[in-house]
Every structure is written in structure tokens, then in C-alpha cells.
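Each of the two complexes below includes subunit A, the first together with subunit B, the second together with subunit C.
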Partner chain A sequence: MNGLRQIAVDYLARVEGEGSLKVTVVDGQVDDVQFSIFEPPRFFEAFLRGRQHTEAPDITARICGICPIAYQMSAVHAMESAFGVEVGGALRELRRLIYCGEWIESHTLHVYLLHAPGFLGSPSAVHMAKDHRDVVEQGLRLKKVGNEIMRVVGGREIHPINVRVGGFYRVPTRRELEALVPELEWARDAAERTIRFVAGFHYPDVEQDFELVSLSHPDEYPFNEGRIVSNKGLDIAVSEFNDHFTEEHVARSNALHSRIKGRGAYHVGPLARYGLNFEKLTPRARDLAVEAGLGPVVRNPFQSIIVRSVEVLYAVEEALRIIDSYTPPEEPCVAYRPRAAVGHGASEAPRGMLYHRYAIDDDGRILDAQITPPTAQNQLTIEDDLRVVLEQHIDLPDDELQWLLEQTIRNYDPCISCATHFLDLQIERKERTT
Partner chain B sequence: MNQVVIGVGNRLRGDDAVGPVALDRLAGRVDTSVRLIECTGDVSKLIDAWRGADRAVVIDAVVSGSEPGTLHVVDGRHGVPSRWRAGSTHLIGLSEAIELAWALEVMPQELTIFGVEAEAVTPGETLSDAVDAAVDNIVERVAELTHA
Partner chain C sequence: MAAPTLAVYKFASCDGCQLSLLDLEDELLAIAEVIQIANFPEASREVVDGPYDLTLVEGSITTAHDARRIVEVRKQSRFLVAIGACATAGGIQALRNWADVAEFTRVVYANPQYINTLSTSQPISELVPVDFELRGCPIDKGQLLEVVTAFLQGRKPDIPTYSVCVECKLRGNPCVMVAKGIPCLGPVTQAGCGAICPSFHRGCYGCFGPMESANTESLASWWKQLGVEDAGLVDAFRGFNAWASAFREASDRHEAAIEIGGPR
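Take a look at the complex of A and B:
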């Protein structure tokens, strides 16, 4: 009798934060998969109560050092929807531009330093750098292009401080933005090379019937604005989020698990945005996607690294477009008057749709806050993927299986520190005792 | 001579702010040609900061079990002692940045790491007394080192 086989890993490297994965295999069949998050809950929603609405963008930006812009954008849009403020023209374009910076920075970090090493059989980016020095150098330079956009538009790279409800505190000059152009032009070619590089990886053959959920806008690849749509018929205003999605507490995890009412798990992030908005990519990004072998919908979660690379190219081209047509707005901010209302905002964080809801009183103070981050929304889907990958590869030796499961989680670039943080992986194989 | 002093840390996390605070006190004490760079531990920024430098100094908080305020000075070209949990609150640690710098062949001629034993890296904008005293010591030593 084989009894029980167990693999325990101290933590999963190259994901943001701490979590654990426990897998039980009985008689060669997957019995249970539990992907858990055990960082203490982060009481952001509670300590926003009683604060001025103007503080929400800077407080929520602190939830994540990788995607602060997403938090700032969802917060300002929620406030603006509460107060009936429209932010258009160059201010709206600047918001898209700073979001381009965050996508470039966050996606490049993940593609080059976190996800690619696993596909190349390297235990880390450091090992990968020894064999692929030019590739890692290219990744570091590309990431810096994103950081520079965030610095110029946001005031600084980490936790930018220039975003406010109604617009910005200060808008950049044309010259300040034009200074970004030469590196962005380099980045456009580097982004193409990135797509071709990752397209050559070997991908496990996994196809999932995801319900893909993202924002969708009639004219543009989504960052800040649009309806919430899915490939299974969902088409709702952002304000209807809570009518169609639920969050439930699961005892083993400090993050709330999200579901679509009546259906269950769903998928947010690059695959969802891409599958639902393919035609709104730039022609060059679409061509490179096709050249990389992708169809207009990608159902293999491992290929998310290619889609992320396509989105980097898109973000670089979009940034160049915005800078080329930029004329500084007369005022850095739209004037508004706070009122008692409930506001909803959703924007596309690098990891997927990020929803905020705030109830505000007459003095502009926050009565109640709800923040639904992408990793919490993907948690059930990650468990589904893990189950499928396990079932398909149950006979692999434990070390290979472990690699595959770690990559399965990394496919989602999970920002576990946002969702509530290392992964303790246990694979338990046992035979049913009768 | 291309010299850079890098203060690693988060100003909002107690003694983790030792690197940035040391930079504040070094301003005016070192030659204007010495670059002072604050860094939250982002590996790419560390690599960029010391790329092309003849002499790089890194100031960071360390948790190794010594008395709070203890100053550890090591030759960073050989990595950091494994007992250091240096940069524990940072994205990718100093030790990875050192390894990556070797792999990318951008290791400075000299890399000196001043590691200050932290008492607490809990939220707050105040250094503990022990770490605060260590900063003055670092400032003197770095001023001397960069004049050499």
C-alpha cells in the first residue's frame, strides 16, 4: 500500500502576498482543492468610513504597490458617479495615459520576472538572467517605461499622489509628455519582441469554458469606463454590480469569494478583456496576437502571458497616441459639489476588473465602502483551473506537478495582498480506507 | 568617480525608514556629485541606481536577531548574510538584486551595505531611539567613505 504522499513547500514564490494551496488526492482522483488566503483581513473598507470622499483615492492606492492607479481610478469614478461629475477631454485622456503606465509596469514585471522563469525552467528571474541576460535587461527597461509614465503623470512611481476626484492636482506640460516618446517608441518594438518571445513557450493543453467578465466600451479597449459584460450574456451598468455578483466569506480564507448569481465562478483579467474587446485593440496588437497563434478568444489560462504581452503593446501604442494628441486642459480638475449619494466605479486593473462602491453623506463623508478586487473575484476560477490541471496531470511526479500548479496560480498574476498574502503548497495523496 | 548612496525602505513603517532618513541627513554632508537615491526595494530600481557606479552604498533595515540599532557593514558584492531578513517588506529583496546584478554584469566596483538592526517595522513615521542613533553613525561613515 502506497499510503500517503505529501509535498509541502514553504511558500509559493513569485506571487504577490501569502496564501496556501492544499490538494487532496484519493485513489488517484482529485478529492479536494483549497486555495486559501491567510493574511489578516485588511480593514480598508472599515477605516474609510467617516473619512472625506477626497481621501479615498490616496487611501485605497495604499492597498497595492503594484496597481495603485487601479484603486485610485475606481475610487474617483465612484465618487464622480455619486456627484454627477463628468470628466472628459484631456483629463480623461490623462487618466488613460497613467493607466497605460500601470499596465506596462505591472504586466512587464509579471511577464518577465514572475511568470516567464517558470516556462523556461528557471527557478527565478535571477537564474533566468544567467541564460537570458538580454531578455531580462529588455524587461527591466520596458517596466521602467511604465514607471516613467506613472512618475510624470502621477507625481511619483509608487503610490502616485497627483490623482484626485474631478481630475488631477497638476497636469503635465506637453513637453513633459513628449520627453517620454523616444523610450515609448523603443518600447513598441520591445513589446513586439516580448510577444514573439513568449509565444515560443510550451503551453500545457488546457481549455476552460470561462465566463469572461470585463468592462466594455463602444470605442476603446477598456480602462476606466464601460458596461460590465460577459461572454454568457451579462450586460449591465457598473451600478448594477451587486445585483449580479455576490461575495461570500469562506472560513479558510480571509478574502471574500465572488460569484455571479445563479452561475458561479467567473474570470476577470487579461483573458477576459481580450476575449470581449479583441476588435478594439490596435491593428498592430491584433496582428501580433494572431502571429503568436492566438484566436480572438483565448481559453487556455497559461497563455495569459501572451495576452498580457499583447496588452503591453496596446498600452504602449495607446500612450503614444494620447501624447501625440495632447493639449493641456485649461483646468487640472473639474469643479463639483459633493452630495448625499451612492456612487459606483469600476476600472480595469492589470489583474482584472476592480469595483468600488461608496455611500456618501451631505458633507462629502464616506458612510460605507465596498472594494471588490480582481484576485478575490478570480479565486474560485483559480480553484477550478487547479482541479482541471490536476485531473489532467495526476500521474506526474510530485515535483513536476508542483511546478504546474504554481504556474496555474501565477496565470492570474494574483495580487493576494490586494485580495486581503507566499503559498504553502500541500499535495496529499491517499487511498480510501474501507 | 561615479558614486551612489541608496536608501532602501518605507517611510511609513517605523524603522524600515532608516535608509530614506539617512539620505535626508546625508544631503549637504556629501559632495553634490554623489547621487542620493531613495528606493522602496523595487529590484529594477536598485539595479538602475547602481548600474555604472564605481562605488555604491546601500542603507537598509535588517532583522537578524541582534540588538536594535546594531550596525552591520558588509561587502555586498558577496551577497548579504543569510540570517538577514533584509528588505522583508520589499517586493524583491536586496539579495536577489545583488544576484541579478552579477547575472546582468552591472555589479559596481564597490558595494557596501549598511544594515541597521530594526526594533520595529510597524506602521508609523518615527524611528526607534536605537535606530535613530545608528543613523548619525552611518552618516559620518558614509560621508567619510564617499570622500575617500
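Take a look at the complex of A and C:
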């Protein structure tokens, strides 16, 4: 199709934060795709300098109200690696448990309230509730199960207060955790129903040769620990992150774009964790994934909603396992002494790997900080997907194309507050003037 | 009569306070039956034109663009509620108000010339009149529900302005400062969270900002008896509500004390 076509959307809906998309189509060919982030910068790395290392988990949590536990976990692991502290046993299990809560809450928010309405042609979950009230109610109840874990272990759902370097301020009693079990047992069935529900959506036929990057641990599906691996040969310690990844700052975005040195764009998040750790899922989660038609590696970014749903089932089962075997530790926290050192931490936020690095002085104060959030890491990959989807569907009417491109971005559950730390969509179609 | 309309706007923030609305899992669909969600981009693609009956504003003002945008938002809003520490006090990003933002930009960004930002992070009330401020980092979703309900019923929200200490007494918590010698901002911090931190054996760190007529000087002398020096007091008051006047003044006082008394 020739001629000038323009579509402009000022604010991409149902994502967390503010970003924009500008697409230029010349003579029916994709000319340029720019996914930009206009969220105002907040300068966390700058004002962390001079603060006590103990404040990092609470301060960095405020980068993101959707995934505060990810920030708290990457921060405490970075500090603990700097000081040579090992946190094991029940304390380590409690960290996995609270992370299960965040995955259940964040993934369910995404699946039911942000992404599913797009597949069902609905502007929001509230609109969707008119035809699918029982589905939306199931999603809200499942989301609440995740929030309840955060509240019991962390004190509250958003910006939990109980995580500290070395462990926790107070550990829950067995009885407090056991009170979560009946709803978690309901959630296990609800998570299965969720997988079957989203597996029935219509998925655009897109296959991408992603470089998938996630943590990998020998014994468990990754939350807090492991090596950073990829399906294209990367296998490094967390401390080697800056040797293999670079961030660059481009004019159109307040987020830094990440690349793997020598290769370029890569993909973090559920598809990466799943593709690199499939065998570490619970048997039930694997069976449901197979029943939903997924192989052990998923290359269609639109199917990430199914993979997120599989991860919800995993997180529910993992939470039940942890609670069943829980014996409160004698001390809520491992004692340590701060020292001048550099520490690295990476953990698996719901939307992908989150890396923190801190240099600490002898008094335990932060000298400098580096935070690399998942959405910044996915930004180039999102642009690649947009280009492919555009090329495949370039003849669609503007409103349908716009809907599809919004979904293409939402596949990543982008947390734009994180990435800067808006989405304004423009499609410009023009003839090349010669 | 048509249902009143609700708009939710975001400025510089973490999204957590507007997420609190979606975290009302048991009430969300009932709320949507009595109030029309007219402009809430994080939850809905559908935007109904203003003006709006109730507007919730999350985040602080840190860019020239946002300083213009909030004026437009005010014009479109009959009743405007600032929600959360960013909107009511500038948020953690107000730490820039004591710093050189050009230097901050160089630290975080390779190409500072691409970044447009103001030298300060300001609460909404410094730019436009605000009808109600709901405190917290994050806000408490029960208090949010009370604000929305009070609006629908045409009455003043019942939000206490006493200190976290009262909530500790109501929960039967032993005082962490008296019993365990843990420094706590509870005596000068407005209630609203339910005294979560003391209930988890840690000192309050001031998420809900200063209570009415907070006696920060008295609290600081208690902290000093527990071994906290001026530098520690500066950090404690310069948290998520650093730019709220009582905490700002206390932090400036202790910073001046460091400068008189030598390096920290």
C-alpha cells in the first residue's frame, strides 16, 4: 500500500509506566521502529551514593511498585556477596517464598488485567468482566493469593518492610504460613484453569531466534541464585555481568538499552527462564505446559502469556512445598560485618533478570551503584519483535495494526517505571519522495 | 444519574500507589459498578474525555512537561486527590533537591544532553490546589477505599492524623525503642500503615510522612541516646518523605550540626 498513513496513540494503555512507540512505514515497507521511554528520570543510582548499604533494599524497592521484592532481593544478594555472607536454610527458603508471592501477584495482574483483555478484544478487565465475570473474579482471587504471601512474609503487599541484608527482621511462625495453605490449594487448581484458558487464545504466528538469558541453578527453577546463562553459549558468574553486557544511552529514551557484547539484542523474562530451565519446573507445571501445546523452548513472544501462567502454577506449588517443610530458623538474620568491597546480585524479577552492583566503603556506605532492570534489557528485542509483526501485518487497517503492536509490547509486561527508571504510539506511513 | 467518573494520572513514581487500586481485589468490580473508570491508562485502553469527578494523582513533578501537564489535569478535575509520598511530598526522588542535578545526570546517563529534567522534585500541591492528600509510600489500600467511599458519599475522608505510636498501642506492640533500643520514627510519623515495622521488630522509617506538629527535636535527642549521630539522623529524615517540611527542617538542622561538629 502506498501513500501516507499516520496513526498516533498518546499513551499505551495497560503497561506499567509511560512510554511511546513511533513507527515509520515508507511505500509499504517498515522504515524505522522506535520504542521510547519518557518516564521521568529519578536518579536512583546517584542518590544511593553515601547512603548506608542497609538502606538499599528499601530504597531500590521504590524503583518499582509492581516488583519491589525483585529489587530487594537483588540488593541484599549484592550486599551479601560483597561481605561474604551466606544466607541458607529456612531463611533462604523464606526468600524464595516471598518471591513466589511476587511472581503470582505480578504475573496474574499481567495475565488477567493487562494482557488477556487484548486477546479478547476488550479495552480492560472491567469491560471483560461483562462477558467473563467468573474469569476476572478468578484472576483477582489468584492475584490476592500472591499478595497474601507478600503480606504475611513481608508485612505488606507493596514495598514490603521485612527484607534486610542477612535475612529478615522477623520470621513468620509455622501457623502464620499454614494459614496460607487453603487458598494456595485453591490457587493450584485456578492456575491450571488459567493455563487452559489462555492456551485457547488466538496467537499470531511469530517465531523469533531469541538469545534467551536467565539465571540457572543446578537444583531449582531460578529466583535468587545461579549463573547467568543463554541458549547461545553464555555461562558466566553474576559478577562477570559487565564483562559481557553493555548499556548504551540513546537520544529517544530515558532508559539505557542493554546489549550482549558482540551479539546485540537479547531476551530476559519468562520465555528465557522457561527455555533454559524447563526440566526444573514441577512435573505438574511441565505437564500443563505440554497440554497447552508448548515445547520445552517457546520462540513465539505472544505465547509468553501461557508461559507466565505456567510460572504461576510453579510458584504456587513451590510456595506449598516451602510452607510444608518450614521450620522457623532460630535467628531471623545472619550477623555480618560490612567491609570495603564490591558486590553483585542478580535475581529473576517477574519480567526478567535484574542486576545490581554496589561498591561499599569501610563504614558500610554506598560509594556507587549500578542497576540494570529487565525492561531496559528487553528494549531492543521489543523493537525487533515490533518490526517482524509490522512486516507480517502491514496491510492491516491502522486500528487493528495498532492493537496488535500494543500487544507486541505487552508481551514483555514492560515495567517502564523500572526501565527509567509512557507509551505514546505513532505509526507514520509515507511515500518516499525522490 | 450517570455514575461519577474517575481518572488516574501518573507523574514521577514507581506505580505502586495506583497499583493499590488494582490491589483492591475484593472491591474492584463493585467499585467499577458505582464509579465509571474514565481515564486510567494502566488498567484500561478506553479513555473517556474529561472533566472528571474524582482524579487520583500519583507521582511528583520533575520535568517542565509534567509541570504543564498537572495544570491541565487540575482543569479537568472536580476533586483532585494526591496519592502517595511522591505526590504529597516529592518522594524519594526529592533527594535531588539537596544535590546538583547536572551531576546526578552525569552519574546515571552517558549522554546527559538527552535528559530534560528539573532541578527539583515537587509535590503536586506546590503547583496546583489539591483537594485532599493521601499519604504513604505506598498508600494503604484500605485508606484509598475510604477516600473513594467518602467522595461517593459526599463527606470528608476519615483518615487519622495521629502518630504511628497510637497504632502500636492499638496492636498491643511493645515499644521497640523502649524495649529493644531500636531507633524508630513512629513518634513523629503519621499513622496509616498499621504500625507494620514495629510489629516486625524494626523501627518505623517514616513512609507516611510527618504527623501534625511532629516534635522531631525531642525524637532526635532520644535517638542520640541510642547512639545515632547527626549523619544517621540526616539519613533517617531524608527518606521517602524527605521534602515534607517537618522532616526537611529536621534533616537540615542535623546536617548543619555535622558541618559545625566536623566531617561525618
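The criterion applied here is as follows: the second predicted complex is superposed on the first by the 429 of 434 C-alpha atoms of A that agree within 3 Å, B and C clash if a C-alpha of one lies under 4 Å from a C-alpha of the other, contacts with A are read in each partner's own complex, and residues count from 1 in each chain.
To be clear about the criterion, a residue touches a chain if its C-beta (ideal position, glycine included) is under 8 Å from a C-beta of that chain, and two chains touch if they have at least 3 such contacts.
What you see is a predicted model; the values in this text were computed from it and never measured.
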### Task
Evaluate whether subunit B and subunit C can sit on subunit A together after superposition, giving fit or clash.
clash
### Message
For A:Pro296, using the defined touch cut-off, is the partner it touches subunit B, subunit C, both, or neither? Pick first, second, both or neither.
### Response
neither
### Query
Touching A:Glu137 in the superposition: subunit B (first), subunit C (second), both, neither?
both
### Message
Is A:Leu113 touching anything from subunit B or subunit C once the two structures are fitted on A? First, second, both or neither.
### Response
both
### Task
Could you say whether A:Ala129 touches subunit B, subunit C, both of them, or neither, answering first, second, both or neither?
both
### Message
If we overlay the two complexes on their shared chain A, which of subunit B and subunit C does A:Pro204 touch? Say first, second, both or neither.
### Response
neither
#### Entry: subunit A: partner with more touched residues, subunit B or subunit C
C
### Query
Who does A:Pro328 touch here: subunit B (first), subunit C (second), both, or neither?
neither
### Task
For A:Cys64, decide between first (touching subunit B), second (touching subunit C), both and neither.
second
### Query
Of the stretches 130-138, 166-174, 220-228 or 256-264, which one in subunit C hits subunit B?
130-138
### Task
Enumerate the residues of subunit A that count as touching subunit B in its complex and touching subunit C in the other.
65-66, 113, 124-126, 129, 133, 136-137, 140, 143-144, 147, 157-158
#### Entry: Residue ranges of subunit A touching subunit B (in the complex, touch as defined)
65-66, 113, 124-126, 129-130, 133, 136-137, 140, 143-144, 147, 157-158
### Task
Spell out the part of subunit B that touches subunit A in their complex, as residue ranges.
40, 42-45, 47-48, 91-92, 96, 99-100, 103-105
### Query
Given the complex with subunit A, which residues does subunit C contribute to the contact?
10-17, 19-20, 22-23, 25-26, 28-29, 32, 37, 41-47, 62-63, 66, 91-93, 95-96, 99, 101, 103-105, 107-111, 114-115, 117, 121, 137-138, 141, 193, 196-197, 199-202, 205, 207, 235, 240
#### Entry: Touching residues on subunit A, where the partner in the complex is subunit C
11-18, 39-47, 49, 51-52, 55, 58-59, 62-66, 68, 109, 113, 117, 123-127, 129, 133, 136-137, 140-141, 143-144, 147, 155-159, 161-162, 164, 168-170, 248-251, 254, 256, 332, 368, 406, 415, 417, 421
